[in-house]
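Given below, in the form of structure tokens, are the structures.
Consider the two complexes below, in which subunit A is the common component and subunit B and subunit C are the respective partners.
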Partner chain A sequence: METVNYNYAIVRSFITWSIIWGVVTVLVGVLISFQLVLPELNFAPYLTYGRLRPIHTNAGIFGWGIGSFFALFYYMVQRLCRTSLWSDGLAKFQLWFFNATIITAAVTLLLGYTTSKEYHELEWPVDIMVVILWVAFAINIIMTIVKRREPQMYVSLWFMLASLVGVAILYLVNAAEVPVSLFKSYSAYAGTNDANVQWWFGHNAVAMVLTAPPLAVFYYFLPKATGAPIYSHRLSIVAFWSLIFMYLWTGAHHLLWTPVPDWVQTLAMAFSVMLIAPSWGSVFNGYLTMNGQWHQMRENYLVKFLILGITFYGLQTLQGPLQAVRSFSSFIHYTEWVPGHVHMGAMGWVSLVLFAAIYYLVPKIYGRELYSIPLANLHFWLVLVGQLIYSISLWVAGLQQAGMWHAMNNDGSLTYTFMEAFVEMYPYWWMRGVGGLIYLVGILVFIVNLIKTAQGGKPAPEAIQNA
Partner chain B sequence: MSSHAWEKKPVLLLILATVTILVGTIFTMVLPFAWVNTEHDRIETVSPYSPLEQAGRDLYIREGCNNCHTQTVRPLVAEVLRYGDYSKSGEFIYDRPHLWGSRRTGPDLARLGGKYPDEWHYQHMVAPTSMIPKSNMPAYGFLNDNLIDPDAVKKAMDVLGFPYSSNDIAQLEGKTEMDAMVAYLQKLGTGIPWRKAAEVEIIGELVNPFPKEPTAIAAGELLYAENCAACHGEELEGQIGPELDQDVYSDDELFELIYVGVTDAGMPSFASLGSTKVWQIVNFINYRETP
Partner chain C sequence: MDWASVLYLGFTFGLLVIFILIVWRTYQAKNKRRLEEPKHRMLDDD
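Here is the complex of A and B:
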């Protein structure tokens, strides 16, 4: 068989940078969580909570999330197509431009240049950088697929292609704005329309960035890590098409009880509940792949990351539809419950799957075996415990907060003032801060392990390096 | 294994995926434009932002206040009691972008305008904990140090197509960012005359249910510290609001003042506390031990 010159160097560089942005995400996350309990940690004007929170979310979604997807897509696309990248030069440009974009994003957000739209805070010049980045990436992936030497496209490639077009449509429509100056623009839409477009974007950013790409990764790396093929091809097909069909109807579940037309809210609610089916299609596909392989949960640390990851995805996609029901939304919307939901997805599902994929690639990109599996296990437990403390404390906090906001006396007056409910949150916010610190230690263990591997791990056998 | 054409043809897959994505998009994102911001939504009394208010709005965006504050009141009993009349679509037609937000770390601000006197905001923005000791809101004193740039505001007004006079722009000279922020905050939610409509009316005779009871006085003391001290002083000596240590009001007059408020003069209504708590405050003010 003819050997292919896979470009692993670009994969390694993207991984290095995505981990750096991941550390920034977590550091800023820990900082803002302590700012909520110790407001004197706000250093005006640049380092206030209002300016730092978007840096945290953007670094998480674009730096750590998308940065890792760049790496893993470039790896998967070459392997699944049994061909080298279409353009190494373009990929190199993209790496450089990715870092330039993230740095520009961070600096402009610190300076207060923001559109205020969640997950789309970047002002128009930075938007243009994001578009260039995405076009470069999409061309390289699509052209590599076009010149592939494997006729059939594997599931992971479907999810990749869908997220390439999905992100493009979402981003461009939500970016419509009229510039006033270099760093200030006004949205092309007003009021209720603007809100509806924004959350059509916002929720589908979850679909096209925090769901489809990690699913692509999961579908590729679970069989690789276990040696067992995905349970059902047909289930993959049904889950894929119904997922990308249904997601787009659900944006208004972020806007229940607001002035958005009722019928839009009702559609969003209905489709959110139906979305359980395609989401759990993938969960079952993962679990059933493990039939006869469950002993690997003990023997193979990669499987632990992947199976816990898909489990959190499963929980996330049950909790999400629940939140999308009007009655439940009236209760928990705007409360601490919601960051609990978000971080089960972000710290649990997305990050666990990314950790597994990166560990799997270690022998290929460093040419060495992982320095220490016990350290990888320690990493696993620290991030798991950190995340559970984070989410569980905030779910309890959110329920208590919601209860206090809605409590009424017999004479029809409110039982609690805003501040009476507010002060009850402090203990939970402390707990969340502690959870965050544990998670941070977990990430540091991960990085130490990778550095030790790169510096002096045992050389990996040729066979594994090239397999 | 049999496979479908799209599994072998990337361009076909891309086209099919795009069409699939566009269906829900068209129904739930494009179509609503025909329903929203139409004649049907219009509210006569809602007006565009003045130059000073718009400048404040841009600062609200710059500082990311929307990361802690929402600006929509939902039509839920507790929410309307706490914040005021629920939000209507027509109130937001001049909001580009919308600032509804997704988290209520701090209270909703959709109906803030007129709730407090300007002076309250000037003090609160500089040092939130001086008014509300347990607050975690960052201090924004630096807004006092920066002047707003009239030319930039004029350009913004042109892009937004809001009306203004050259006099409006001239008057921006010397205004600080804090002035703009306070002007914006006082505009919020005032597009409809909801405050008058929501004003509580007391029907029937008022009788102090626990006159001079020590437990009521003690409870009232705590409630006073939490709800009133920021404006009337810790020792009732007066600050933003007048001094209350002169014992000039009878129990039922005092109850009515607190329960109904003097909403156009900066004294908020405290009806949402419920009558029991308001009577406790009355007992504290009129029957506390004075040194």
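Here is the complex of A and C:
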């Protein structure tokens, strides 16, 4: 049998660094959540909420999220194509350039250099670094797919390709700007066009970074974890193409009730609701894969992470379209409901799937058994409880906040002042901080388990260096 | 309706037709075996 030299060193390195950035994002997240209730925790000018919040989001999306996807894409593409990477050297360059980019991003944000565009705060020199990084990654993955030895592509490869192309287009279009100094630029777009492009980018970053890649991971690791093939590969393909055709129209639902043209808002609202179909196509595919396998929810820690992950994806893709409807949006937009929604996606859907994939991979690429399954179960419950406390407390907070903002007296005046509604948020913000702390403890348990596995776990019966 | 609107409409309609063709091709009976085959490959050992 012909052997292939798979490059697992790069997978190991990206996993390590993504976890480091994951700890940074949760640590900063916990800190800024407590800064809201304990203002004395703000240390001006560098360690204030305003400067730390984009570090939290950027480290989460680019460091933990994309860093993990780098690792998992490099693993999956080699296995799915039954071939080695196109270029090991390019992958190694990408690893160190990735870390240099994240550090540069963190330092510039701390210093206050920002475009002020949410999720695209990085100024133009860092933008260029991001583009170089993504081009290196895309070339390596695409060229590996080109030289594949399996003609029929598994659906994970489609999701990976969509992510590579989608992120490139989104980032380049939204990064169009006019530099006026080394760390200051102005957007190439003006007024409502700027807002429209920004949220076309912003929401589709959710599609191409926080939906397509985790779905690629889910479709790969669910059959690996359960030992059962996915229910329908054809359903996954149709779900993929539906997602691709529908997602790119939805960004303007972030701009409901703004001066953006009414038809653009209506279009975004309609496509957001239609998006339920492809999203739930994947959810059903996951659930139906579990036919006859549900007992594994008790017995297999990987399945718990994956099925709870896809369940949060399902809930997220019902809640999201609901929020994109004008009437509901007018009630909850700008309230605490929204971070509750976002964190169900980040802490629930994306992170749970990533935890499962990393738990599956680390024992294999180190050739050792997982150090402790009870610790993995403890990790599962800590992050689940932490995330639920976080999201539920903010949904309740958002409803109360919206109710107080909208309450009117008989003469048409507001019943509550802004400050009265603000003060009512304090108990919920405390709960959010506690939820984040529990989640952080879960991540520490995860790290201890992985370190112990890498350092001294029992050698697995067989390592997987070749296939 | 100006030319720009006609082009937008044509482009949108073209996308819809492409999407329908993808779904139709995916669910054609003769393609079932070939398109479902990759899922069984996932059960090979890593």
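What we mean here is this: the second predicted complex is superposed on the first by the 462 of 467 C-alpha atoms of A that agree within 3 Å, B and C clash if a C-alpha of one lies under 4 Å from a C-alpha of the other, contacts with A are read in each partner's own complex, and residues count from 1 in each chain.
One rule holds in what follows: a contact is a pair of C-beta atoms (placed from the backbone, for glycine too) under 8 Å apart; a residue touches a chain by one contact, two chains touch by 3 or more.
Please read all numbers here as calculations on a predicted model, not as lab measurements.
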Quick one: classify A:Met153 as touching subunit B (first), subunit C (second), both or neither.
-> both
Regarding the shared-chain residue A:Arg432, is it in contact with subunit B (first), subunit C (second), both, or neither?
-> neither
Touched partner set for A:His56, first subunit B, second subunit C, both or neither | neither
Identify the partner contact of A:Thr335: answer first if only subunit B is touched, second if only subunit C is, both if each is, neither if none is.
-> first
May I ask you to decide whether A:Lys304 touches subunit B, subunit C, both, or neither, giving the answer as first, second, both or neither?
-> neither
Looking at the overlay, what does A:His233 touch: subunit B (first), subunit C (second), both, or neither?
-> both
More subunit A residues in contact [subunit B versus subunit C] | B
Using the superposition on chain A described above, determine whether A:Arg79 touches subunit B (first), subunit C (second), both, or neither.
-> second
Just subunit B (first), just subunit C (second), both, or neither: which does A:Phe245 touch?
-> both
Following superposition on chain A, which residues of subunit A contact subunit B and also contact subunit C?
-> 152-153, 233, 237, 241, 245
Subunit C-touching residues of subunit A, taken from the complex the two chains share | 79, 150, 152-155, 220, 223-224, 227-230, 232-234, 237-238, 241-242, 245, 364, 464, 467
Subunit C to subunit A touching residues, read off their complex = 15, 19, 22-23, 26-27, 32, 34-46
Contact set on subunit B toward subunit A in their complex = 1, 3-4, 7-8, 10-11, 13-14, 17-18, 20-25, 27-29, 32-33, 35-37, 41, 58, 61-68, 70, 72, 74-79, 81-82, 87-89, 91-100, 102-105, 107, 128-129, 132, 134-142, 152, 155-156, 159-160, 226-227, 271-277
The residues of subunit A that touch subunit B in their complex are 35-37, 39, 42, 44-45, 48-51, 53-54, 112-118, 142, 145-146, 151-153, 157-158, 161-162, 164-166, 169, 173, 178, 180-181, 184, 186-198, 200, 233, 237, 241, 244-252, 254-255, 257-261, 264, 267-268, 271, 330, 333-335, 338-339, 405-409, 411-415, 417-420, 422-423
